[in-house]
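Quick one: this structure, given as structure tokens, is what I'll be asking you about.
Chain IDs A, B, C and D follow the sequence of writing; residue 1 opens each chain.
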């Protein structure tokens, strides 16, 4: 069974060759030549350096379109009109499924019709030289953002193509993103990705890796998100990754969000080896958005305000068109500027909110329980432990579409809007933690004069898109007919 | 000289007749008939009742166009698409100058050309029946918002026309709005307006009065704004006003804004007679806006977040087009919805920020000094006192265009972004207060490595429109050439 | 007897929250729901519909590739011998499209009804009641004829 | 000798912050500024320009009535016997207008330059330097001719 051990270099090479054979653009990957290419890049394009030396939260949007020229235009717009500090390249869904043939078809259709027939940039199809053209055309560092369970070829091509940051991880890009992929298998695949990043790192090219913190984006309790971040961070560190950005998706309660980001940073520092530089990224609300740009700006505003108080190293912004579909470049830049204005107006203010310490304490305690369970399930090995913990339900993610997770844990907001756990199922947290969560949810049930039930969960899922934080039953409407 | 005494009823009648003779629509004003008309209005249009019984901050935009039909369409849009709780009718500048002839011309031009040749609704020209048509066409209560130093005819016509709320006051609609009007004269004019409101109130028609808190909208130190609110509140109460909404314009520092709103409410309760119901209104940032709708949404977002924490009774919203000119109705509604989303997401959260008590204490102390000075200057009479305090500079407003104010006080932000007083001139605050302000500004000067100077003031005036709260010197740019 | 409805997310789309809510609401409304989950193929929809003799097939798609994923969908259903009513809903096109055009495209692909992502689950239930009631009535007519 | 500039807000407009900043910046740049303040009439501008033999008259308007307020402005100046360069700036139309059209309108009213509300005071100073330098040169030519 899988172990959290560094891939031996022979093994790396063997996989490397096999993977590169999956699509013809893999042939152009040459590690030595790629290291030299990275060395030729100017300092402003060194992702890890730019991020780790920043003295304020850097802003980064999401963005990807099929054709290279369009992607250059799009990113240039976000750089110039959005003043993005860091740029993204979001990969299309076919590439995420390793369906390079379908992606090729989509790309050809896009080139002919001018329509965006793919929901992202098929980097493998564009190959090493296409990626480099992109890197060279822009002034800021660019990250690969995707959702690919088996991202080996994507990593090989994009690292050789000059990208120095790569989102995802074996859990965070499996559990929320796919139904059938086995967790053990994805960990193996990501050991390769991380080892490859480690190999570059050893040659002085620090590839930044960013586990995807928001998971399903839908009311994920902070302890679960942070535990997954720690596990993925540990797995990556084992493979030689030295620049790690741990992520967290806004839940919308300011105290809980600030507490969670602090817990993430502190536990990250504590759990990860000293030689790893840990940074944090805060994602503006990742759940369902209101179907109205004005209201969406309110959601974005709350995210920005939270970021200004919590001061993560990086913020991933949303656009006011999030609800509708992939945003226009103007809307994407607008989301950046709204966020920028709010952060810049707030960041110099000393805002100390009560109760963050207690909430952080609560989050850390539950996270430690989950981490203990992972280690126990793996007899001290975090790779084996995480697979088994997901199998047993000791670790679980709400709304997980994956067969590898029980998906039995259900979250709901308490009376203050903090995300609590409504159904624990087999989640490995202490009875004390459970009692606290239950007590808070009981408070809410009382103040709404209804029982704790799935209706609360469903109401909370819709709440923000309906204009509120907490899904309270509304006087007039009823769900019954 | 002027005294803070209730106008005798004979005097009220005498002025009333004189005022109504100023423009022919005054002839249609009949107090008894008007009281009956107000009594016929449904409960949802009773402004004071709706505001005073609300259990959450009510939202109100600003809006006024010349023609009646257009004004109805505009307000209906703000009611339906903006979900405004309270509606406004903003009056044009000619009416504010009592130039009803010019307003008539503008209105005729507007009707012919379809262009908005006036910057607001000329309510006097529309007359009692025009106002009533407006009141009847909408579902929410509507307030007259203007900026008229001599608003006697406007009040007579609009009260008879069914409006139950009237913004402004003798100081707040003089000092920021006009150059030559004498303060004594405006107080006399507003004694009439307030007495008329009082006369309706005695007949069971509670007219809500709202002194204009933001004054010049530009870095007004809270103690000054609050002192003016208390003075205007006292003057109105003397004339029989029983529903008073005291205002305050956001300065952008969350702690200071929350502290100021609390100080406003508490001092309001303390200074005003028990029979007056005091409510508060928070104005989203009233100074220069960024020339970019996305950034403007950030400014609006910060205002909304502050409102959710401070919980005033009412919030006056801005639109993302504030910089450019009078907003389209869509942009106006968008500002409402962005604000609504943010407030509704935050309002149920328990957010207690450190240091609000101390800041409130500081504001209250300075406000009390100013009020003491007013009473002293008037030998116990607030009307006389305020005129003389402005004459001597004991009371002053920064950037006041009026000859009645010294306009020598200059504000600047401290290192945390709170508005402090940079030049006190003759402002009647204690040495202790001065030392605190100076010390805070010295901290900022030190951290910017420059002297306290007018450059700081100028930089702060532009800061928010340039994307920051504090006007720090920027490395690259210099003001010298 | 409760009416059986097949529900799933087509293609390689993994957005599961919408169908989770739909499943719960439809079950509460008395339907038998067979939830195929995310990333379901055309064949899986067709087999399930045939196997359960389903009266409706509800396809969800959020990620923007619905049109490609649904090419030939109704043939696949027909080949499996099912003539269930078909609905599709979610975020059906990449980008900021005009929904009416999108609706038209999916109608032409053979879907009986097309829903946008603002759809309340209750609307889908109301539509099902109408469409399935109608089919039952038709069946009865045919029987009595 | 420092060049004299008349500055003020026209009509019944009371927006004072812009001219306060303009005044300070122009004085720092070495101009003699006569600030008429807000709510200044055409006649006040004209008299001040004549009295101070001003080389430029800078009109500010924020509140949206500039066009009405400036009808006949240049005649009033001429009648007072001044041929100063005239600038106008601020928020020159009610509502969300296209600035190019607005600029054209005020050019036609006779203003030498028209500035929008995004104008940095330094731009106005640069323009003054150019225009007044030029006029001085012209004057010299006329004298030497």
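Following the convention adopted for this analysis, contacts are C-beta pairs under 8 Å (C-beta built on N, C-alpha and C of every residue); 3 or more make two chains touch, one makes a residue touch a chain.
Worth saying up front: this structure is predicted, and the values here are computed from it rather than measured.
The minimal number of chain-to-chain contact steps leading from chain A to chain D is 2. Taking the mean of the C-alpha atoms as each chain's centre, chain B and chain C sit 55 Å apart. In whole angstrom, the spacing between the mean C-alpha positions of chain B and chain D is 31. With centres taken as mean Cα positions, chain D sits 68 Å from chain C. Centre-to-centre separation between chain A and chain B, using Cα means, comes to 45 Å.
For chain A, the set of residues that touch two or more other chains is empty. Counting only residues that touch two or more partner chains, chain C has none. Chain pairs that touch one another are A-B, A-C, B-D. Looking at the complex, you find that chain A touches chain C at residues 93-94, 96-97, 99, 102, 106, 116-119, 176-180, 216, 218, 287-288, 291, 321, 323-328, 331, 399-401, 454, 458, 461-462, 479, 481. Of all residues in chain B, only 252-255, 290, 292-302, 304-305, 333-342, 344-346, 348-355, 415-417, 464, 467-470 touch chain A in the complex they form.
Residue ranges on chain D touching chain B, taken from their complex, read 9, 11-14, 16-17, 20-21, 24-25, 28-29, 37-39, 63-65, 68, 91, 93-97, 117-118, 122, 125.
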